[in-house]
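All chains are identified by letter, namely A, B, C and D, in their written order; residue positions are counted from 1 within each chain.
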Amino acid sequence: MIALPFLGGLAVFAFSGWSPDMVRRVSMGVALLTVILALVAYGEFDAQRAQLADNGVVLVEDYALDAAADSGLPVILRFKLGLNGISMPLVLLTALLTPLAIWASFTGIQTREREYYALMLLLFGTMLGVFCARDLLLFYVFFEFTLIPLYFLIGVWGGNERRKAANMFFIYTLSGSMLTFAGVLYVGWKASQLTGGVMAFDFATLSQLAEQGLLSSTEQWWLFLAFFAGFAIKVPLFPFHTWLPLAHVEAPTAGSVILAAVLLKLGTYGFLVICMPFFPVGAMQWAPFVGVLALAGIIYGALAAWVQEDVKRLVAYSSVSHLGYCLLGMFCLKMSGMTGSVLYMVNHGLSTGALFLIIGMIYERYHTRDMAKIGGLARKMPIMAFFLIFFTMSSIGLPGLNGFVSEFMVLLGTFVSQQADDVATQGGPYGVWYAAFGATGILLGAIYMLFMARRVLFGKLTEPEGGFDGSAGLTQDLTGREIGILVPLAVACIWLGVYPKPVMDMMEPSLQPILATVAKVDRSQFGEDRHAAPGRAVASDSPTFASAMDGAPGTQFHHNHTSNKIDPNHIGENRRLTRVTAIAEARSPLKGEGRGEGTVPVADEGRPYAATDRVVLTDYSAAAPSRTNQEAR
Amino acid sequence: MEMAAPQVLMIVGALLFGIGVIGFLTRRNMIVMFLSTEIMFQGVLTNLVGMGLLRGDLNGQALGIFVLVIAAVEAGLGLAIVVMLYRRRGTLDADGWRTMRG
Amino acid sequence: METLRSTAIWIPLLPLIGSLLVGAIGLRWLKDRSHWLVIGGVALALVAVLSVVSTVVGEAGRAHNVDAVAANEGIELAHTSEHDSKLSESFTIYKWMNMGAGSWLDVSFRVDQLTSVMLLVVVPIGFLIVCYSVGYMRDHHGHPERGYERFFAFLGLFLFSMTVLVLAGNFLVLFVGWELVGLSSFLLIGFYYQKPEAAKAARKAFIVNRVGDFGFALGIWLIYLTFGTLDYQTVFDSVSLAMRFDGDNYAAIVPQLQGLLGTERVPDVTAASALVLQVQDRITWIALLLFCGAMGKSAQLPLHVWLPDAMEGPTPVSALIHAATMVTAGVYLVARCSVIFAASPVAMWFVGSIGAATALFAATIALTQYDMKRILAYSTLSQLGYMFLALGVGAFDSAVFHLYTHAFFKACLFLGAGSVMHAMDGVIDVTKFGGLKKDLPITYRTFLISSLALAGVPLLSAFWSKDEIIHAALAGNMPLLGWIGLLTALLTAFYTFRMVAMAFWGPKMLPAGVEHAHESGRWMTVPLMILAVGAVFAGYVGVHFKSGGFLGFLEPHGTFHHFLEPVFAGAKVVLAAAPIAHEGHALMYWSSAIAFLGITNAWYFYTKRPTIPGAIALASGPIYPLFKNKYYVDEIYDAIFVQPLRKLGRFFFGSDRYGINSLLFVIGNLPRVLGFGLRTGQQGAMQGYALGMILGLVALLWFVLQG
Amino acid sequence: MLALVPMIELLLPEIVLLTGATVILLTGVSKTLSRSATLLAMLAIFGALIATYRHNNQELLATAAASVEALNPGFFANYVRMIVLAVGLLIVFANRHVPEEGERAEFVALTLYSLAGVMLVALANNLILLFLALELVSVPTYILIGLSRRDIEAQEATAKYFFLGAFAAAITLYGFSFLYGATGHLRLFGADSISAWFIDGGSTALANDGMFLLGVLLSIGGLAFKLAAAPFHFYVADVYQGAAATVTGMLGFVPKFAGMVAAIHIVGLTQWNLSGPVFWGLWVLAAATMTVGNTLAFMQYNVKRMLAYSSVAHSGYMLMALLIGPGQDGSGSAMRNGLAAILFYMAVYGIANLGAFCTLAWFRKPGRDDAYQSAELLEDLSGTGRTHRWAALALALCVLALMGFPLTGGFLGKLYIFGSVFASIGDQPQHATALVVLVAIGALNAAVGAAYYLRIIASCYWDAPRDGRVAPTPCSALQAVWVVCGMLVPVLFFFPGTLARNAVSAAHDSQMKVAAGNAELVARADETAGAVDIEKPTARSATPLKSARASD
């Protein structure tokens, strides 16, 4: 499946005799064939899923490069490919979008077709490779290699500032991923302890590494940082996003589509399948920081999008905003948020990809994307208007379309992040305020997207001089081919919006272990360093929603302390409601022996509670809500 | 006097080597520069002889003889190059040869 | 209940199917026949609604509660009857969102009395308005307007969304419907997208609604955070349990909570008390946040700005969405969550105050407007304000009653205005025409009837509902709200008849370019007449005959209220308020007098002495311009929110360009700077090179041998 | 005299090569005969390869090596030989078009001498032989530069290279003299050798012997010239620019390889038991070399100069691994082997570098003095992606390999180097932070490197072609070379096994040699004193110096 596009690309590049038409047809054919293979893989995956215990990974292939395994080299690159519930949807997304992007290029690309399609196919194969890799090094190899085709796509077929854009894109991303590379090797070296000397990058080995706690929390901190450098730039997370608008604006339509739809997901995917399971402690140490950056990105991207005149740049900034949700959901440590996050990757790919396609279609007709120059197009292009509105709505999270489901789940997950549940016994790192700020993004999203739709579609008809350019065989409104490109995306949007259950079912078994791994992290460890020594109650230093409400009359309770011992989980956790600290003699619930004695609150102020004896907290973790709201005196 | 011979030779060698270096750095005439490298080689040679004395075997002097040979080779080659350069420019000023830089 | 379930599912689906078909094939094939599919869909949905409602009515007496019965057993409650007389059917259609650990958020519907009432408002009026549109969306020669099929597709979509909203069985689906009606509203307001005002208004409507939805969403999440579910019944029952939780009954309530929320959430007394604390903590927040959504959708102060602008849409849209149905969704929400609101005095106070303020505020603006549709829009705001006032004082049933009567007369008024507009070739400014009484007889009569109803003339529908509200307010602990209601009633009567007088009475006057004023065709007049009948008689479901009542034989609080009783029983328990006694009918006489006062004044000012209003306006100093310019709210918003945010956006974009990118430029050029420095060493002179080598070597030696 | 036959046996590849070279030199007297120079060179190289192949027989080696002390045969030498011969074959082909008609024989012969020099460097187990071999590498290259082009730049390059080369050779030799002086041995490894002295000493006084350290440092300093490590890199750009592109391709590989192998020998003398200052000295050397090379290359618009500075940077990467050495593993399984990384890297680098320069040479343009010269400036390459897409593709692939990009052998090279550095952290916990920082510097440098390498690719593919700016050189041999290089680059990514295995066994071999010497010593120590308790020959903790430094 991965090799096919490579070979196809090479063939397209090699046969110089082919006419552009032939090239188009062949590359489309190769792409479709790959899609079929992807579907076959999906079928197989679906069939095997039930029987698999290993995180739902279906192994397809595993061989070490040139049997170098026994050579005694320090590092061995293995081709270990497989699919799990997280990568499968993304593989399908890639398989859906790339052929469409290729198809969409038929009229837009009129020069150097052979190279163009060769590169597209190359990119296709590489992206599939990233999602299929079950070996960190292999993942890295593909991750890195995606740069090359896109670099050329932007640089050769891009707009006026394409050189700057492509260079910035490439160097920026590479700089980050070089540090990631160092991190990869470090992890591999650590893993060599498990494998008897040879550096190992196999995901399975690495998760073993995490399970056995072989990475200290300092190491994880640094490793997360190293991977963060690569992934955050790719995502792009807030202060590292500046390459994205530029790259989007300058890239050809298909390039933008692929970039937005798939390549950005490499970063989020990396966070999810690498950072979180392998450096859970690091991830949790960084999670608040990542969350703040994500929020900043959400708001920053949205506001910056609002003032754009160039439609494409507007959508590019919207990506910055949207990807913030992805990360927020991922690190909120709730199944809902994480499912939403993965779904968000797919959904963002669909809707933003489609928006870029539509913008490309407009651009082909008018050769401008300046909203000052085009307007009121709904009159002349009703079908286009329909699709634009449709995908705009999908993008701003209208219920019934895909965006809503993921956005809602992400924000819900973030909102309830702190709540303990059966998996995350101590709750996640985020909370109501994160969600509240995140939710402003929904509002701002509506503002700027509708702003765009209004200016492009509604109002007085404005066209550049000379009307539309039909020289490439285009009609005023969308052609059948263009409709054919958009319809599958629209169908996917509706399907995921209305009935995403199959996808969610697919994800859950794969997300569960990640969640469990991260949830096991005892975050009080590193809170402790920063804030307080055990034995001292720590007041929450970040105002939380609920703590504000705690001040409401009638809700303050006295506690009878039976001991000074304080649950270590609460110490210094400034992200949680920590006004409670006095559950007596409770040991860490993580050890599964959470059986402590506490007292039921005795009432005051005429709100009589059952005058109680001591009640034994049999299941400490399930009693977590109670911890959050009681007040220690 | 006898006891000090190796050390004396080593010091002389170091001095020669230093003189060669300084000469190489300061003189602009290519032939003189070239001679300076030869002086450096001689310094090494002297040093080797001194070391040989110190160690009481002939290894040092054996290496020294090879140094002489190499120095001769370099001399031949060097002179040829100097001649070539002189033909081209008509000068042997080393500063004249700095068209490529940066 | 399988039939109920399958019928209920079809209610939203039928309009949707019609809408999708029209959207798909309308432009090419159906063209001016497009309406038939939607009419058909809505008609079938209407049949389904009737069937559902008849089931609900029929089963109303039977004790039946699927969700709560088990949990309720053995619990000693003050009002055990609350579940007995209730027909409340929730059913899950499919699982939607995975919340982890096997719990899902579902797509579920719920049918009960409140739903029935809402369906009875939405679908029949929707049907009438779809029919009306067939006439309205054509010119005088019967040719459809541009976008005819689009219009019907959108209408169908709206009805789908609205029915989803009212049928929702949990907060998530409610939110879905909530957003979808926002979308339909957006599309329909922006129907004349070539008009920049329309496009702008559409966007404004959507965004202002989103502001409300922002709070709404937070409220929903807070509910989930607190209860771990979004299902209506579970949440409401938990709230009422929590509010009843005290030292005596914890032993009984804990198992009940466990039954509702599961033993994972409520393992024991400690957890139960924690939950209770949480509920008490958060209930105000939940209520206020939910009310944010209601304020947005129902255009309450300060989120009302979108509704007047929304009049840029076609008139049937204004009638359907911005008068009869969608804007009442906020009222529906509060009524639906009556338990939650009732549990929080702060929230109740807030709702009532906002309602009263909006009622008065909008009425004052309506006094000064000249655009018929805008007057009606402000009137709608004002009437919605009444409804919230009612909710705020705990008269939930009265609010729903007013919602119901309002739908008829206000739809009729809008459609009448539309009919005028149609006749005037799109002119709607009442200063441009007048004395249309003769030319548009049917329109005039129906308009007059519903105006009378709006003004609160006795025996017409709004009289009953409005009076109940004012009564409840005066009787409750916030009598000021009642007085505001009375004042607003006066203003209402005045501005309504100001409009009637200017448009229909007085000398005949036509706008330039219109030669004859034609009465509209049957497609339009028949719905008008039906709605006018509704405007007169709709109120009678809410009263009953009783000797000694108003005018000797009528007594408020009739069948309607009894029908709804189960829905609000929980709230009543939580409120623990004494039932409002409907004794003494002085208020009714007073309010009748006020209505007549307003009407006669308007008649006098605008037909007998047209100079008076101008004089008053002049004399009032800054007040009149303040009213006329809608208190400058739009301008204030623009200055406070929009411009600063846009500036911030520009600043961000600028900082991207100049800040972050400059930083990157600096970082990116570090190698260049370094290279530039190093390059000075590369002067091409070999002796320089040798010097460098020697210095480097010496440094190395020194470093190693010393270090 | 008994040693003579084994000596011949052991030196057979070199003898074949040198004989070939001499024969070719002789053919130079006749124009007709000199036409066959390339063919003869090919024969000589193949002969040498076959001879090398024979040497993979361990028994043969063992018997022969026992009687010849000056040589150090084994897999290490064989690996170097094979790589040198393979790349040498390409070099000979690449240079086919360079010399004028009458000088081809000399040119080819000198190339072969130089190659033989590298092989001898690997073989040398004696300071004399090492020094002679190094000179055998460099002296022909001086001439080759001068022969390759007729214009003034080539002459300037010759002059600079020669003078500075002689200067550096003197420094190296001075270092050798101290090594000898400090230890009394000329032999590098084995019994009665410098390394034996080092281990035997084992005490602070000896290990901290200033003269010995001086010797090591001066030797490395002189070799740094060959490696073009900062601050001995100054000449690089000028010389590379002045020489013909294909000769530059050779200069980037042959002397550097020789220098690296010699440096491995010299540093190997210390058993990679680097005391603090030496460690830091090399650390600084590596970091500075990377940074200087990359930043200077970043400034260039002349592709040859850019690649010249980039070769400096590559030396820096290799120095990183040199710092690590063969790693330490008592079992001798030679995991995490820095030497193997260097050897692998060197091969990939040599091929990619040669490929890049060959494509530059292939795009020739009218020169000043010559009829033609190779493409030099970035703008010369503009649009070649369209006009000559295969050559541009080969160039792009080679450049990507130099960049260390995935799907090229260069990636694996970097991977092995960085990987070995990480792997050695376990061995040198006291240097953990320093090593991680070094890798981070390397990573950042790689990013800087990407920036300028991209310029080459960009001008090939993005810019519009300029008519008549460059034209292909009508030399099929040259074309064949870049085709082979372009193909090898990805092939080495997908099938690195053979090369990597050989690199590992070569490194392993050199380590074995050290270990063997140690074993002898241990035996001797047991016999004589019995007091020195060294369980593992290379156990570092046994060295007090080290622990003393660590405790600082």
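The definition used in the following text is that a residue touches a chain if its C-beta (ideal position, glycine included) is under 8 Å from a C-beta of that chain, and two chains touch if they have at least 3 such contacts.
Here the structure is a predicted model, which is why all the values come from computation and not from measurement.
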Chain centroid nearest the full-protein CA centroid: A
B-D or B-C, whichever has more C-beta pairs in contact: B-D
Length of the line joining the C-alpha centres of subunit A and subunit B, rounded to whole Å: 66
Separation of subunit B from subunit D, taking each centre as the mean of its C-alpha atoms, in whole Å: 26
Separation of mean Cα positions, subunit C and subunit B [Å, integer]: 97
Between subunit A and subunit C, centroid-to-centroid distance (C-alpha), Å: 34
Set of subunit A residues in contact with two or more other chains: 171
Shared interface positions of subunit C, touching two or more other chains: 668, 679, 682, 684, 686, 690
Residues of subunit D touching at least two other chains: 159-160, 163, 167, 171, 237-238, 299, 451
Listing of all chain pairs that touch each other, if any do: A-C, A-D, B-C, B-D, C-D
Residues on subunit A engaged by subunit D in the complex (per definition of touch): 13, 65-68, 71-75, 77, 112, 115, 137, 140-142, 144-145, 148, 151-152, 155-156, 162-163, 166-167, 170-171, 174-175, 178-179, 181-182, 185-186, 188-189, 192, 197-199
Subunit B residues touching subunit C - in the complex, by the definition given at the top: 21, 24-26, 28, 33, 94-95, 97-102
Interfacial residue positions of subunit C with respect to subunit A in the complex: 27, 94-101, 172, 175-177, 179-180, 183, 186-187, 190, 193-196, 198-200, 202-203, 206-207, 210-211, 213-214, 217-218, 220-222, 224-225, 246-248, 250-251, 264-265, 267-271, 273-275, 277-278, 280-282, 284-285, 645-646, 648-650, 652-653, 656, 660-661, 664, 668
Interface residues, subunit C side, partner subunit D - complex: 668, 671-672, 674-676, 678-679, 681-682, 684, 686, 688-690, 692-693, 695-697, 700-701, 703-707
Subunit B contact footprint on subunit C (complex, rising order): 679, 682-687, 690-691, 694
